[in-house]
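Two complexes, one shared chain (subunit A), two partners (subunit B, subunit C).
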Partner chain A sequence: MISLVEQIVVNGVMAGLVYTLMALGFTLVFGIMRMVNFAHGELYMVGAFAALTLHGTLGWGYLPSVLVATGVAALFGAVIERLLYRPFVGRELGGMIMSLAVAITLQALAVIAFGPAEQSLARPLTGAVRVHEAVISLDRAMVAACAVVALVAFQLFLRHTRLGLAMQAVAQDREAASLMGVEAGAIYVRSFAIASALAGLAGALMAPIYTVAPTMGELPMLKAFVVVILGGLGSVPGAMIGGLLIGLSESVFATLFDTTLALIASFVIVLSVIVVKPSGLWSRAAR
Partner chain B sequence: MRWLALFAIAALAVLPWVIGGRYVLHMSIMIAIMVTLALGMNLMLQIGQLSMAHSAFMGIGAYASALLTMKLGMSVLLTLPLSALLSAMTAALLGPVFLRIKGVYFVLLTFAFGQIVNLVFQEWTDLFGGNSGLHGIPKLSAFGHRLTDPAGIYSVALALALASFALVRAILRSDIGAMLRSLEADEPLSRSLGANAMAWRLAVFVLTAAMAGAAGSLYAHVIGFLSPAAFGFGLSVDLVVMNVIGGAASAWGPLLGALLIVPLPELLRGAKEYQLLSYGLVLIVFLLFFRDGLVGMVTALARRRAARASSPDAPTAPARADAEKRAA
Partner chain C sequence: MSLKVKPILALLATSLSMSIAAAQTLKIGVIAPLTGGGAPWGLAAAEGPRILAEEINAKGGLAVGAKKYKVEVIAYDDQYKAADAVAAYNRLVNQDGVKHMIVLGSAATMALKQQIEDDKVVTLTASYTGKALDKNSHYLFRLYSPPDDYIGSFVSWMKDNVKGKRIVIVNPNDETGWDQTQVATRVFKANGFEVLGSELFERAQKDFQPMLTKIIAQKPDIIELGGTSPATAGLVIRQARELGYDKLFSKTGGAGPKDIVASAGAKAAEGTINMLYADPANEGYKRLAAAYRKARGQEPNEIIVSFYDGANVLLNAIQKADTVDDTAKVAAAFSKALPMKSVQGDELTLGGKASYGVDAQVMSVNYIGTIRNGEPVVLGKTK
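Here is the complex of A and B:
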């Protein structure tokens, strides 16, 4: 019994860390640009395909491939923001529809470039370790470790660098920030690149664990959505706590019942949260 | 101009009978069903709410109608209004909670609701047939007379689409339409003038759910087979796309949008890979450059022509600038 509980917690935390990685970028873009980016999952897909190409096809080492894939996703994000999303800043409905269009287009481009079939990437690590009663596979543990490093780095960046502080300032009050000499446009493109990098990193890390396909971003996007609503749109700590909560709840339901029920459970949790407290559990004061 | 448009639509509506053939008629039936759904989405967009729940409302109508005829042996004549009613009742129950919330949160809420409904269709295999689908749904029939001829089925679908078009157009052109637009433009002001915002929003939500339910019921009996995938997130996105491409400002937009979008996969059948790409790119181009959709393009053209006709020698600069501004 105790071993089952431990295993559920370990699985939940490991899944939750990846959800957090996805959710952070999503919530960052919303917090700063008031933009709901439905194409966030496609940046995850871009990261995964970049890792597949570099590691699988070109034979680079795994970690350099992951790093470059993260950069590729960031570049994609920056270009998309500047060319397509910028005209929609402040127009929520139009922005959402534009992000849907971008999601469709990126998926279509992936189908043309790589074909619709699912492809797999060799696992960089095999085997498992036993921690007390729980079994942890090494590749999953590595993903979790990379996610923790990225999350800590992101927090430090947000709190202690000029750009991080400027991003927080724009999120709080764009006009006041611009009066202080923070140019909003430059912040938009950079935060979008950072958000895309986080999604691309998640995709590159998960590529060897799941299969790689043009539609692979849809489910993580869904999870990010759920996490972000739970934690409060635009709230960074909310995304972290929400990610772990959803990871744990899914782990419980998936172990005791099945994965579909786990998904339904997350949606029901989120529905009730929106109805009771639309701004999310950890939102900042109402705007 | 307006008469010309109405005439063109009448001609287009008659065309499938003239051309005939199973394929053309089937495509026309699908267009008519999608027009009904896209018109519902248009009314939701008019009140500024992007709903991802309407694909689920269509699904509820479709499965309800299929199961009522299959399990209880009811006539389609009865199940069509009943399934519209069921969707409307679901919307009426959810609306007071959902519609308190606006913007992104409404999208997320309706999205989550749509996903739950779809997962229930997938998982409750005993009743809904799961992902392998629900087979053997009776075709359309009334008074013991089976309607199997595609031309006849098309007339039913066309009647539904035209009724929806007339209804939405009448609503948008009436005081109610002005009221709905005022809620979207400036809700506090509109409420201070006595508009009951919640009641109007709920009315729109329930009415459009009923339209989706009726369209779903018709779909079930036309196709004779249901699977949950048809009522997923993608359908709601398609409905939004039809409104963007056609133009969301009037009832003409979703009509034109559905006419263009529904046959698109068939037109691009040879280049299947590029089908999705062209879909995405067309959407991006319209969002960036033709914000008022096809209808906006046509009216801008007409206005420019009218401006030129009124002063044949030199079109006044302001009029031209105005028309160009609208076209942009």
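Here is the complex of A and C:
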């Protein structure tokens, strides 16, 4: 017999960690480039299809496939930023429209390359483990563990590496950072690559858990957007708190009531926070 | 002109007119989800008629009166959304000049219902909703028996063959899902099942653990998956097994057992009772499946038989009406086109008056199956 309360918490934390991974890249791009990247969900999709191709079609091991898929998504992101997004830095509306165009194009290319049908990827782990009164599936536990490692690594990177500090400097004040010798263009492409890598990693990790399809990035994109608005655009701690909050609230409402109410509840929470604190829970002052 | 030249000229003129007529095209439109969760059904909706069209064109085209027509199928993606279906319809009718079409989803059908009658476009729908057909349906037909018609005998079979009567019904949160939940709740209760509750989910959803945590806490013997798309049904089954659910799944609508097994795994899906549109061992189905594999490089959802048969009924009605342009005559000719044999050899008849006030439904035969070792196995037929 599973305990309802413990299972709700486990489900919520698992979902929240994945939302956080998605939201982190999204908020990073906004924080540094002041751009809302609506193609973020499609980079999640790119990671998933790369994992499907490497692990599912070519027979590579799962973890090497995930690592390479993350790299593929990073490369996609770097190319997209350099060729398509760079002209729109500081021009939020133009950047949004370009990102919408990129999203539609990437989806269409995926349909052409892989077909429209949902595809399944063999799971690296099967079965579940009981932790006290709750059940945790092993593959989700692995995803949660990878997400935690990625989040910790990312925080350490931001605080303790030259590139991480340079990224924070550009996010705070691009002109001042430039005067200090930090070249904004180089920061943008690297930041975008890291953000894309985070989305691609989430996609590659979730590919065996769900199904893989060209439209699979739409819902994670929506969740990432909600999480980032809640946590504060450009705020990394905010994305973490927001992700877990949304994951837990969805789990509570979906289990005690229904899925539709859970969706409504997420938006009610976000709207309530924005009314009281328009910049989000953990907003950062930035120019 | 000499006597020898006249017959030659007449022969040349006839050949020329026949070749010109053979170059004429009869366009059949298809509006279906070609991407997303409903894609297995949508692709079947596009390919079933296309395979039939290829067979007919290979034999010289569709003979309507003295003319022969090349049959062309034009399919547009509505992603199971009403707004996209309306856009696809407008494109088919206004730009492509289509007068005959097939529409898959209930939301799409309800959005287009009035437009179809106003524009006099002969349309076959695969929608499940009971609201699709009524006394005012002159141009809209349903191409198979929906759950309203077959679920009675399906659930009656379950009553006699399945242990445990506590059931939770799960469906997508749209027109199809609401309808199926209503119908299933009524029919299961009438057959002595205890309906513990029902759950609706968004079609794009992949994480079902919170919903399943709630369902499993109610201790059901059966989780009924209704109109859930096959790959999604597989996810639900797998996630439920991971949470410790070890009882039965049933799926009274829109099968796709191979897609269920692909995403659930054979072990998790073992024993799932589902409605099948086709008997996998049937020669007619095997021929269709082979043609689909050649075109798409993957296995079809077996609902393809319904779309093949539906297109066949439509083309037969066009032939009986002796016109491709007068859609009123084509609609009236459905009663002459049926009864006819399905691709699997079952009899298709025209019916629906008792339920909808109009004979506008192709009454088809469905199969009751189970999943054994990852493969669908037929256990019976619905009446």
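The rule is simple: the second predicted complex is superposed on the first by the 282 of 287 C-alpha atoms of A that agree within 3 Å, B and C clash if a C-alpha of one lies under 4 Å from a C-alpha of the other, contacts with A are read in each partner's own complex, and residues count from 1 in each chain.
Quick note on the criterion: a residue touches a chain if its C-beta (ideal position, glycine included) is under 8 Å from a C-beta of that chain, and two chains touch if they have at least 3 such contacts.
Note that the structure is predicted; figures quoted are calculated from it, not measured.
Contacts of A:V268 after superposition on the shared chain: subunit B is touched, whereas subunit C is not. Applying the stated contact rule after C-alpha superposition, one finds that A:V276 touches neither subunit B nor subunit C. Of the two partner chains, neither subunit B nor subunit C is touched by A:L58. By the touch criterion defined above, A:L84 reaches subunit B but does not reach subunit C. Of the two partner chains, subunit C is the only one that A:T211 touches; subunit B does not reach it. Of the two partner chains placed by the overlay, subunit B and subunit C both lie in contact with A:T260.
Applying the stated contact rule after C-alpha superposition, one finds that A:I97 touches subunit B and leaves subunit C untouched.
By the touch criterion defined above, A:V111 lies against subunit B and subunit C together after alignment on the C-alpha atoms of chain A.
With the contact threshold set out at the top, residues 111, 260, 263 of subunit A are in contact with subunit B in one structure and with subunit C in the other.
Those residues of subunit B whose C-beta lies close enough to touch subunit A in the complex are 45, 48, 50, 97, 100-101, 103-105, 107-109, 111-113, 115-116, 119-120, 122-123, 237, 240-241, 244, 273-277, 279-281, 283-284, 287-288, 291. Here subunit A touches subunit C in the complex through residues 2, 4, 7-8, 11-12, 14-15, 111, 115-120, 123, 126-128, 135, 137, 209-211, 213-216, 218-219, 250-251, 254-256, 258-260, 262-263, going by the rule given at the top. Taken together, the subunit C residues at the contact with subunit A in this complex read 34-37, 39-40, 42-43, 77, 79, 173, 199-202, 204-207, 209-211, 213-214, 216-217, 231-232, 234-235, 239, 242-244, 259, 262-263, 265, 296-298.
Those residues of subunit A whose C-beta lies close enough to touch subunit B in the complex are 30, 36, 84, 87-88, 92-94, 96-98, 100-109, 111-112, 222, 225-226, 229, 233, 260-261, 263-264, 267-268, 270-271, 274-275, 278.
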